[in-house]
Amino acid sequence: MSRSMAVLLASLAGITMVLSKFIAPLGDAEVKVADWFNVLAAIAFVLGGANLLKMNLLAISARGPGWGYSAVTLCAFLVTLGAGILKVGVPPAAAFPAVPFSGEKDVNGSALWWLYEYAMSPITGTLFAMLAFYVASAAFRAFRAKNAAAMFLLATAFVVLLGRTYAGVLATSWIPHDNPWVSWLRLENLSAVIMSVFTNAGTRAMIIGIAIGVAATSLKIMLGLDRSYLGGAR
Amino acid sequence: MTPAADVATPFFVEGRGAIAIALLVVSAAIIGGILWARAGGRVKVRRMAGLDAVDEAVGRATEMGRPILYVPGIMDMDNIMTVAGVTILGRVARTVAEYDAELEVPTSRSIVMASAREAVQSAYLAAGRPDGYNPDRIYYVSDEQFAYVAATSGMMARRRPAACFYFGCFYAESLILAENGNAIGAIQIAGTAETAQLPFFVAACDYTLIGEEFFAASAYLSGEPDQLGTLLGQDVAKAVAWIAILGASVAGTVVAAFLGAGPVADGLAALRQAMGGGG
Amino acid sequence: MSRDPRLPSLADRLDRIDRRWIFLAMFLAVAVPILWVGVTGRTFPESPTPAVQGAFDAVESLPPGSKVAISMDFDPASAGELQPMATAIVRHCAMRGHSICAMTLWPAGGPIIDATLKDVLGARPEYRYGENFVSLGFQAGNEGVMKQVNADLSAAFPTDARRTPLADLPMMKGVRNIADFDLLVSVSAGYPGAKEWVQFTVSATLTSGKPLRFVAGSTGVQTPQLIPYYPTQMVGILGAIKGAAEYEYLVNDAVRRADPAASIPARFQEAQRRMAPQLFGHVLMIALILLGNAVFVARRARGASA
Amino acid sequence: MSALPPGAGLDPAVARRATRLWLVVLAVIGALLVIRAIVGTEVGTGDAARTVHGFGMVFVEPSGQGFAEVPAAAWADAVAQDPAQQRITLSWPRTVGVWAAALLTLAVFSFLWRDNPFYKLAESIVVGVSAGYVMSVAAWDTLVPKLLGALAPGFTKAHLMPALDVTATDWWALVPLVLGMLLLCRLAQRTSWLGVFPLAFVVGTFSGWKFVQYVESDLLAQVATMFDPLWVPGDTLAATIGGTAGAVLILVGVLSVLAYFFFSLEHRGPLGGAAKVGIWYLMITFGASFGFTVMGRIALLAARCEFLFDRWLWLIDPAGNH
């Protein structure tokens, strides 16, 4: 019963949004809805935070292997949350010295700023940088000319990689750059041709297909055909 | 916010005819496909190796006694890819429940966690194994992209899932997850419409669903007539787009090469502008 | 097979190579050139591609005093690629005497704007806050903001980052919506970013009579997605650190042409400096692809199952 | 090097060996740091030049309400002028921060070798800190201005956000509040069924929104770009042929990739041929995309290396920080 009501709510909400794009008085629905979603997501942090606390407290009380790491997570979470919510180390904004909470939460020098600058940012930045290693390993393993399709993948990656460095420019510098019949073969030009012709076509077609796929998925939600996100498996 | 109404504003937003027609065509095609399938029309769907492999991957994980990792992307429920990812999770969870395997779903958003729990719980219910459902294995990690990656990679190294599914919206984490999955020898199946990440999934996963295939996955896995009907509808919409592209190209060429400036060229330019295709 | 199958060939051994050797090679390929460039201070020359030249010309061709809006939609995680672009574009605008209005749709973008403006404009006393440059700071709402700025900039950004109402800023006189700027630049790492600016803001101005000129700076991973919009909806793209290096080179070249004795501060050559590890990193990648295929061919020739 | 995947190592003998190995690695790193300190760094120029044996230090001077970082050379100059000066000082929080950041960077990199306690520590820290950080940001950037500020503008302006630009109560803000409360009903078993309504609302609204958005800006607009003529006359014959060939190849590519996406037809006959060409185009697209991305990833690694060499170890100084 409640699920059917929920599906009905989803349909009505979806149809209202579609209409808002065509009916002037509903025009600002998008901005409102985006705001609402942000607020809802912020409130939902209570769910995520409660889950995080529960999981780590369970791990600590069970004293299973690695419970110490759960304790670290828990401490880091509570300390950061406290520092952020209470604006620890944040002076009042210059314009409003009488309002203690008026400063920016992560102003340079505050506790939250320190945690972001020296704990969160270096770790996330390093994880991001580890991709350099993973692309190398993936290139060695996966880029093998097993069939025609793989050959195209390989050759293109090769040309683009080479064309984007000084080495590539040197490698084909003997091709005259003022002869329009062959100058496109220079590596730096060739990768531009690949981008503007082949990548352009491939991306365009994918975008069109994805748009149709999104349309079908959205319609299925509005028609109540897809409801497993609500637990309505059939 | 609302400007003073010194001029009577029209009830309908102007200049939206082309988009209205396009929406109607797409909707008609998809609803038509559903109705056709409901009326008993035959819908044949081509094989998609990546989705046929889901059963095999779940089966293998069961045999090896290792968990199955499912990542529904890192975006929130306002992203249609996440919704599609959770829907596919519902289908995969049903297979997992039937095999009585162990499912692990770390999420990057609180609302996704809530939705994924609903989907998995009802899948276990539908499979007749409500006791097998463990909500604690569907958990929130962190909204921060790389914190989520750190925890999920660490989990992969320690729990060594035998099958990894990545269905949803992915950014840079795609390759980190897929390479770590590769290092532990898991069967990996990915699907996303985030075109920038497809190369990495293609390079590091066993099977990858590209763009629209990803949105077709839930219908394909369900095998229900209604759902397969939507695939037929998508094809009809694509056929219309195909013809429109060919027509546009021919028309543009004829105008540019033979007719030159004139009323036909103006009409074409106006049409293009109405469709939002720039100048 | 003539050989003892228990003795793996070189190709077999390479095929099963521990990937940590590859990791080590990549680390050396990047770390050693950084140290080398750091010690010697040398950089490679660049030859600008048309998309970067287009971006440069878009800033160069505006008359001094033009109003440029720059949206810095990235966070510290992508600053390695994008900060040199943001710095070079702001610096170029300052050299040409344009007014700069910075904003961001990423929560972490505020400090980036402040640092960039301070870094570039700090040594230029002629640039006074509110008159030649302003920072609108961060606004939440993604595409919603982009749609709002089409109609009314002050609806999206009621105040600047210092909480001054826009109407009180001399530079913002006569700027009602985004199309009143002479150029829009987005330096972005993803969503929302350049693609959304095109979809929701630039496209909307194409039919309004005053098309907004648009330049995008983007991470390598996002650049291919922007190609379809060039050159109709955007006049230039800076793609990845290479694009940043080319732009930096053009700007530095302009400085040197104006004053051959000018010395370029090291912080304005950041992207060019980064091209050295790029070169060796790329060469390693190419070598790995070649090696991988050599192994593949050799093993296939021996009849081993792939 | 053993081919053991990271994380394997439950065998006690292997674990002991791993511990020994880690001790060796740590000892080597420690020794290198000691050598680095003994070698020292010359900061400042001219008369102010001095060799310091510390590194990874951050100096600050008062600026506005807080402090601003200054190069070590500025500190050297200031000390040369007045050895007792207190304006430019060593900032302990920031110096500890740089060291913490450097050690955490190394801890994360160590995962490339294998899963290990240092990585686990970094992982635990980043999960906790980031969750706390995003929640703080949500509270101050969303809940306070958009919820509290809308419902209780007077209170919010008086105590939390004096610069908030609202005057009247916006009752619309009750909608997300009610939805949020319904979502939180999931916390209790008996009321958890109410939690589906906010999910339905969110997914419903955004499906309607994205439906129009994708059809408009991706489907329709991309089809519209195909009005580009296939005949592209240029200044020279080569340019004409090149431009025309490019336009034709784009059309062929778009049509064949779309053909690949047809689901209800088997890929046989002409459709099969078109789909095959489509796959080739897709692979070229992916290859190019990969090539571009490698660039960005290497740049990120370079940035991390620069952090270690520049801000922490003071081996290089491209930006004049010390």
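Letters A, B, C and D mark the chains in the order given here, with residues in each chain numbered from 1 onward.
Convention: a contact is a pair of C-beta atoms (placed from the backbone, for glycine too) under 8 Å apart; a residue touches a chain by one contact, two chains touch by 3 or more.
Given the structure is predicted, the values throughout are model-derived calculations rather than measurements.
Here the chain pair with the top count of touching C-beta pairs is A-D.
Relative to the centroid of all protein Cα atoms, the closest per-chain Cα centroid is that of A. Once the centre of each chain is set as its mean CA position, chain A and chain C turn out to be 18 Å apart. Chain A and chain D have Cα centroids separated by 9 Å.
Separation between the centroids of chain B and chain D, computed from CA atoms only, is 24 Å.
With touch defined as above, residues shared between interfaces to two or more other chains in chain D number as follows: 108, 111-112, 120, 122-123, 126-127, 129-131, 133-134, 137, 142, 163, 183, 186, 196, 198-199, 202-203, 206-207, 210-212, 214-217, 219, 221-223, 225, 251, 254-255, 258, 261, 282, 285-290, 292-295, 297-298, 300-301, 303.
In chain C, the residues touching two or more other chains are 19, 23, 26-27, 30, 77, 80, 140, 163, 203, 221, 224-225, 228, 232, 240, 242, 278, 281-282, 285.
Listed for chain B are residues 1, 19, 23, 26, 77-78, 80, 83, 111, 114-115, 118, 141, 143-147, 150, 172, 183, 195-196, 199-200, 202-203, 210-212, 216, 231, 234, 238, 241, 276, 278, each touching two or more other chains. If you check the complex, the residues on chain C that touch chain D are 16, 18, 20-21, 23, 26-27, 30-31, 34-35, 37-39, 41, 77-81, 107, 138, 140, 158-159, 163, 199-200, 203, 219-221, 223-224, 228, 232, 239-242, 265-267, 269-270, 273-274, 277-278, 281-282, 285. Chain contact summary for the complex, chain C toward chain B: residues 19, 77, 155, 190, 203, 206-207, 211, 221-222, 224-225, 232-233. On chain B, the positions that touch chain D within their shared complex are 18-19, 22-23, 26, 43-46, 77-80, 83, 111, 114-115, 118, 141-144, 146-147, 150-151, 153-154, 157-158, 160, 183-185, 195-196, 198-200, 202-203, 210-213, 216, 220, 231-232, 234-235, 238, 241-242, 244-246, 248-249, 251-253, 255-257, 268, 271-272, 275-278. Residue ranges on chain C touching chain A, taken from their complex, read 17, 19, 22-23, 25-27, 30, 44, 47, 49-51, 76-77, 80, 110-111, 140-144, 147-148, 163, 224-225, 227-228, 230, 240, 242, 275, 278-279, 281-286, 288-289, 291-293, 296-297, 306. Residue ranges of chain A in contact with chain C, taken from their complex: 30-31, 34-35, 38, 93, 95, 104, 106, 108, 121, 124-125, 128, 132-133, 135-137, 139-141, 143-146, 154, 157-158, 161-162, 164-167, 169, 188, 192, 195-196, 199-200, 203-204, 207.
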